[in-house]
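By letter and in written order, the chains are A, B and C; residue numbering begins at 1 in each of them.
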Amino acid sequence: MLREPFREFYNIFSRKERLREYRKNGRKIIGTICNNVPEEIIHSLGGVPVRLIGEYENTPLANSKAPSWMCSYARGVLEGGLSGDFDFVDGIVGATTDDTKLHLFSAYRFYVKPSFSYMVQFPYVNDELSFEFFTKELRRFAEKLSSFLSTNFIDERLEKSIDVYNEFRELCEKLEELRRDDAPKITASEWMSLMLASNAMLKEDFNSMVSARLDELKEMDGMKDYRLRIHLSGTDFYHLGLLNLLGECGAVVVSDDLCTSAGYYSGFVEGTDIESLAKRYMGCTACVMTAHPGKLSVEERLNFIWQRIDESGAEAIVILKDRGCEVCGHQCPWIVMESELPVLVLDLDFPLSVEQYRTRIEAFIEAHGGG
Amino acid sequence: MLFAGIDIGSLATKVCIVDEEGEIVTYLIKKTGAKIREIGEDAFQECLDNAGLKKKDVGYIVATGYGRNLALSGIADEKVTEITCHARGAKALFPSCHTVIDIGGQDSKVMSLDDKGKVIRFAMNDKCAAGTGRFLEVMSSALGIELEEMGKVAMKSKNPVNITSVCTVFAESEVISLLASGHETVDIVAGLHKAIARRVAGLVRQVGVVEEVVMTGGVAKNMGVVRALKEEIGAEIKVPDEPQIIGAFGAAIIAREKILNIPEGNPK
Amino acid sequence: MNDIQASEQVWNPLGYKELYRDLFKRHLTRQEHLLSKKRPVGWFFSFHPSELIYVFDVVSAFPEQYSAYCAARGSSVDLIDTSIAKGYSHFLCDYFKTTVGSIVEPEKATKPLMPKPDFIVDSRALCVGHHEMAEVFAKYYGVPRYTVNYPYWTPDSLKNVDELTKEAEWAEELYVEYTTKRLHGLIEFMESVAGEMDEDKFKEVFKKSEKTSRLLVEILNMMMAKPTPGSQREIGDLVFIAFFVLGSDYAYEFCHRAYQLIKDRVKRGEGVSDEKHRLLTFGIMPWHSLSLYEYCEKLGATFPVNLYVNASVHLVDSSKPFESMVRRSMHFTNATYDMLDSVVRAAKKADIDAALLLENTGCRITSMIIRPLADTLREELGVQSLILEAPQCDARAMPLERAKTQIEAFLESLS
């Protein structure tokens, strides 16, 4: 169901060949388990930052070490570690952003014993004091990682890495225009294959690959016979099967706020130093944990969602609510309550029984879609 | 011209044929069995035969239910989900209906409708048998009471037992323990009806209660469940004469609206 | 009659029940008095600096404690169902779901209800869950909220922590400094809602807190005596003191009397029951079925170590109040699993034979740590564990008879 070049991108992710190649050439692979880890620091120190994603229908090893109701993302990562599929990962970095991720980090360290690990202490309030702290914390992280990677933290290298990542973000915005078109040129699963690939190679390599194909992507046939334009809401979601199903039922995904997609690339670093990096990561309102003083992070996230919907012309929202996701668990009712658009909440239970979702999606489109 | 709806459920297949006024001409309820691919066609033919009708009398067929995709590749002209069909069917019979509760053999669902009968919100449970007809089937077997009698037995109780298990299998064990410890059968049966009502009421609350409330699906024939659900949600519940065919009826109405170009929600 | 049934009769609790009754009465009297004076109402969570409640004379309400109360009184199941019907996930903290249920459908909740908050204070000294739920509550009530995010401790930021006192050999200065500043910010926030702080009162409350904390540490040390002198049915409630009312007169007086009772018991060499097995336990207590501890103890399985209670306690140094407030967070459930070595030391000291671990469905903290804890106990001490699914407020997921069957089978395997 993936057209070229998206199949190629997906294969890069699933086969992990690039990562093994980098490793063969002496680079260390540093796995992250949260968007709030500033990858630019890892990149500037010569490491290869990779968002750890475990693609498993079943997670028997993880289920023996963690409760089976934990979110599928956490179980997938733990499964990858325990099974040896993540043997190419030299170190892991987490952030104090939700309980699942805190304990995933701890469990991974306990059972898999990576050579390096670091927990970035992420502030929950975006104020001056926390900004000062976070800047120092990022320096501390850089210091520890540079020791592991046997390299020095140099400001000029950070500047270059920030440029690379900003270029990636800019490319994502260009690609988004293709997705938002009246006749969208990229399906939901194709979009996700791009996002997954971006997490399985160095950003500069991804940027080159995509830039080289951008014209080709712009020329692709757009979808005209869809029935409903959808904004996808959720967290660490990446299941292509369900995304395909949305398309089969007549929906096109024109925007999202997923951690594996827009939540990852939204927001540029305005500057070239570590302070600018701290500002960007603390200011990410896609992320649910940090808010400005006197504000609630759920409200800031809702504003992020409404903004994306305005830009994309979405007509409805589909929330992908993993049964173990604490973020969705707490915030989903507020999206439903405060949305002016119709909302479909899909309670996701992995392994996914795709047919059960077909009825719900079809019924939703029957009620709210055109045609 | 006539119009047909075929609802292929996991346990029962229902066919309903309506005329141009939207009146029911005939209907059929038949066990689905293992041959899902054939059952839609077989049930449709049998329904026609029973009423002395021919296929050519029927201008348009809409399929719904679990087996709708297979029916679409065979006999049906269009497929529509059972959510939309139950809503449309309930609205056609009860124009003031705004909430539909459907408890089937293996799933339960609740729909909230606008004034025109369009589904605004819905909630479904198809992952767990507690809160479905299957729950009552298992319990009737454990208690040695005919399924059709369960509702009447429940209505006799003055002191229903509290069933705590959330799972059908464990609830069955609990029932056996309660019998062994001397609880009255009528009270246990009433307790089971309360348990199923409670599960479904959870779905109802997710969607919200706006009266009138209509109950469809085979389990609506059980007055014990209807009464228990009424108490749980605090609202009157209307039940059609033949609640099990409402999905098929709704599908037939959709077929009629499509061919006669009638806007959605136009009362029959 | 088999061996298990024969010894099922002896149960000799310390007698804390009366002391708790007195404690709660005085606490409620304080609440009513402050409410009548229209003092502001704050909602707080475990591991927050409870002393500040007494420094600022605010009315305090604790969603976790209220939810436990609802569970004990049987209303939590309906409240949990209410929150799920509202769209909140099933696999969230039972305390959160119960509290949301009480907000949305108060008629179903056990009375008296918590007073409505004028402000909320949350911290991440145990879990992000506190932060997440505080946000939802703040949104329902439209009240200001202050967050203290404590560090999640790692081996490169914390060294050699005593499992009970929470005194550490070394802690990362950057983290301690940031947390201390957030705590100062908390004081400013409390001043904005409750009026200027009285410095003398601050010192006085922390002195009281220090004395109380010493007694708590001693009580838990004495619980490790042979035979185990007390019942977890009584000891479990010490968390209320350690989490929520540390700094009050009545907390000190309770602990003073409780300490005397347990000291006398240990001196006489008396146990809570005819001890056959010494168990370590961990996990939030199943508030709907506390009789389970009594049941185990009557079978001869006592609990000299309850890691959940131990985590709640810390030794206050009134000469360093801010450092003490930071040290509240230095417990093994707020750190990478390297800190399980402190648990192993405690288990060795208590000479335990086995462990009963309660997996609180919906609580990621206890549920994730439990298997590494069981593995560590087995590998380091050769000790076996029984893991029971036991959500703290939802009795449906832990039918008591099934739990008892599993426990009996486990004890038979130890014999």
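Note that in this section a residue touches a chain if its C-beta (ideal position, glycine included) is under 8 Å from a C-beta of that chain, and two chains touch if they have at least 3 such contacts.
No experiment lies behind these values; they were computed from the predicted model shown.
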Of A-B and B-C, pair with higher C-beta contact tally: A-B
Centroid comparison with subunit C (C-alpha atoms), farthest chain: B
Inter-centroid spacing, subunit C versus subunit A (mean Cα positions, whole Å): 35
Chain centre separation (subunit B, subunit C; CA means) in Å: 47
Subunit A-subunit B separation of Cα centroids, rounded to whole Å: 41
Sequence positions of subunit B contacting 2 or more other chains: none
Overlap residues in subunit C, where contacts from two or more other chains coincide: 86-87
Where subunit A touches two or more other chains, by residue: none
Interfacial residue positions of subunit C with respect to subunit B in the complex: 81-82, 84-87, 395-397, 399
Touching residues on subunit B, where the partner in the complex is subunit C: 164-166, 170, 198, 202-206
For the subunit A and subunit C complex, residues of the former touching the latter: 64-67, 69-70, 96-100, 102-107, 109-111, 117-119, 121, 123-125, 129-130, 133, 136-137, 140, 144, 289, 294, 296-299, 321, 323-330, 332-334, 336, 345
Contact set on subunit B toward subunit A in their complex: 80-84, 118-120, 122, 124, 126-127
List of subunit C residues in touch with subunit A within their complex: 86-92, 96, 124, 127-129, 131-133, 135-136, 138-139, 144-145, 147, 149, 151-152, 154, 156, 174-175, 178, 181-182, 185, 335-338, 359, 361, 364-365, 367-369, 371-372
